[in-house]
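Here it is, the structure in full.
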């Protein structure tokens, strides 16, 4: 009996030591070449890329790109309730707690598209608060970053131009920002390059013109309880706005 | 000692061997002999744990904030200090009440209970006055909230004890003022010790920690 | 020997014979028939039975919420229930299972059995016992009626701030949750104090501490855990109500408060809470094994020390629920070590139980089958627990179905399986009839298989990245097959409970009649009739051994001298159980119910206005005064 007890005790101490060694490697908070600030909202992820040159910083939403093999620091904050940032194939999770900023580090070893999801119950649509992390070669990452820093691409068609005018005139501009236009709202996801993102509504729908229209027409049917109100648009406005947004690559 | 094992024939429980007669035992006792004393002690442990957690919350919030208190000035301590002195002084008549209860001296117990009733009411009144000198409201910030909570938690004990003591005082002036009632008076005195002792760390935390 | 009557005409049991004694004591200790009797009873057996039935009712309600959730999750993007309903369902499931079933059922079995096992006539503070049942029932009804009226809580059983705070949970839902806590914790604390005082002061003469049955030890230690843990959740929920109702800022980071403070307060309770649920399971196992191994328990001292060690250690683990909140790493490592260390006393208990069976001659009746099920399931849960204790592993599996699998293994394995065994074991004592052994085997196997089919796949779902508390998931995630399998298992598990209820219902009417000791067990509850008379024992036994009925084959020695004219029981010393007092035990009274109504109204009112506390204080004070106002009693005349 005593022997078994002592043996158990030794096993426990060894496991604790190994565990502590592992946790130190994973949870370091030192600065890294790529620094991102993720701010949790009820039920979407605000993503800010920081840069020593302020003009090279930018904001996007729900999709993060990182260069392969380079350490990335992710600063975690929340504006409302507790969320948790988790991309299972890349790193362990950490909570985003209002009033308590924190940070984690990770390095993507291989290129790929990695799906993440909020891992702390945060209300009605906790289940549909997903995100994508796309790890790519350094050159591709640099190209993506340059594209994101730039303001919105010029609308290419008449329909898209009408769409931009409608977007700015409609309530959309009160919540969403599109850099290069008068739309400067900060309540909802940044939409400057929404067309380049692979999913909409925090990983809920694949991005397409049709899905953009479906989302605008009935956000509560797709994600009941979201903070986006129903905006009444006539069919012309809907068509042109969805064409415009789909073109914001 | 050999290991006891069940055998196939169960024991017979209806042919008892009488070994002792307890007829001569008393029907009530004082202190740890009495189950009610242990119940009172259990109550202290529960409430004491709650106080410890509330105090722990106070220290946690101090640690979370760069500046403390979150108010222009620390609380005005005069009412609190006066109350503390009153409570400490009351330990003496409380102990006297306890001794007289053990002695089952009805006249003295009545006198002592009246004194303790007055003390409890005075302490309650002083405590209500203390709130006005805090200099911060409960809904202003976390400092205000936890300060009011600590004082409020202890106030509920003052009020409960005052109620308890008043009812017991009334009882000791009725025909029920015999036997086991004296044990109840002793338990009531026991409770008062808790009320006073639990106040001291709260007093020091609320009034003096912000000044440190 | 005295002539049996004292100077005041109070007749003692010294000179009466068995049948006469039984009749007279039954009359003195009995509860009047009818509604009034039911509302005023202070008999621990009646109240204990009520508690057990009510707790099982909540187990079923909690099980139904689980079934609906499992049906929703069986398919990706199922539309069976929407997010609002689902979020309420998992909140109700957790809250019901943890607060309305898990803790109360252990206390319920203790309320019924501890007084019998220590050889006394009633639990300590019988009116408080009655009061605590009414408060528990009120709290449970309050929660469930609110749910059915669509104002039930939807923030999880743990209700983290800021989600549950005033800004993000408007309306009364979170207040209902917080106040339900107040009800159930008041009730739980009261019963814990009663059990501690019963065990310390009302043990039969000769029952020294090393002769106290392990069942009693486990529930005694459990009561201490309750006393130190429950205040933490009461403080957490009270602070939450204050923040919501009167504008305090305890958890508001914008005004100096902290959201994590809530988690510390909650988990300081929350971790011991799971031991509060587990320890009664160990009590049941420790009682069943000696009887069915037909030898006294191996390693009594080690088992007692393990219980005490578990009690202490359980307070040092709580931060392992917060490993991903960004707390300092060295501190977290301490909690890794402590979370692993607690496996040592648990392991020791299992070694002792297995050793008892190994050296015994096991009789494989249903109670022992459920104990065997406990061994497998609980140990499996313990292994996933050791994994979770490691911070790096936890950062991946925290808040996933891996954790859901872990805690269902330890809670259902550690509490529910022993509980079912315990019901099969003590049902004849409670009712006078045995449960069907044939149905019992079906019950066990259906439960064991159903449980494992339902919950084992969840380990894998979690490792595949499925988070908790999600009302649906996309088909592309690949979680659908395992979720469907879990649902199938859940249906089997539910069926096993339906079978259990069927067994109970059928056996109540047609089960084999049981005598006082159908299992040939050794502890005192088997020394009296099945079901026991209102006064439990005609004469208080004198205890000479840990298994009194096995040691005293020729009949238990007893003590005499207690009154037969009024309710009297023996109070003895704490360590040596030397008789000290003959204490009058309260007769049936309406005041506990009246006080519970006053307290309940105050609690419910106070989620609408803080003034309810002031207005409610008056009827509560009046009820308590009525309760404690003495009636003429013998010791007052002395």
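Chains: A, B and C, in written order; residue numbering restarts at 1 for each.
Assume contacts are C-beta pairs under 8 Å (C-beta built on N, C-alpha and C of every residue); 3 or more make two chains touch, one makes a residue touch a chain.
Because the structure is a prediction, the values reported are computed rather than measured.
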item: Category of the chain touch graph - line, ring, star, complete, other; value: line
item: Innermost chain, taking as reference the mean of every protein Cα atom displayed; value: C
item: Subunit B-subunit C separation of Cα centroids, rounded to whole Å; value: 28
item: Chain centre separation in whole Å, for subunit C relative to subunit A (CA means); value: 44
item: Approximate Å spacing (C-alpha centroids) for the pair subunit A, subunit B; value: 54
item: Residues of subunit C touching at least two other chains; value: 258
item: Residue ranges of subunit C touching subunit B (in the complex, touch as defined); value: 1-2, 6, 12, 14, 18, 124-125, 189, 192-193, 196-197, 200-202, 205, 227-228, 230-232, 234-235, 239, 242-243, 246-250, 252, 255-258, 261, 264-265, 268, 291, 294-296, 359-360, 516-517, 520-522, 527-528, 538-539, 542, 545-547, 549-562, 570-571, 573-574, 579-584, 617, 621, 625, 628-630, 633-638
item: Sites on subunit A touched by subunit C in the complex; value: 1, 4-5, 8-9, 12-13, 15-16, 18-20, 22-24, 26-27, 42, 76, 80-82, 84, 86, 88, 91-95, 97-100, 102, 117-127, 224-225
item: Subunit C - residues contacting subunit A, complex; value: 82-84, 87, 155-156, 160, 162-163, 167-168, 253-254, 258-260, 299, 302, 324-326, 329, 332-333, 336-337, 340-341, 343-344, 347-348, 351, 386, 389-396, 398-400, 465, 467-473
item: List of subunit B residues in touch with subunit C within their complex; value: 3-29, 32-35, 38-39, 42-43, 45-47, 49-50, 53-54, 57, 60-61, 64-65, 70, 138-146, 148-149, 159, 163, 167, 171, 176, 178-181
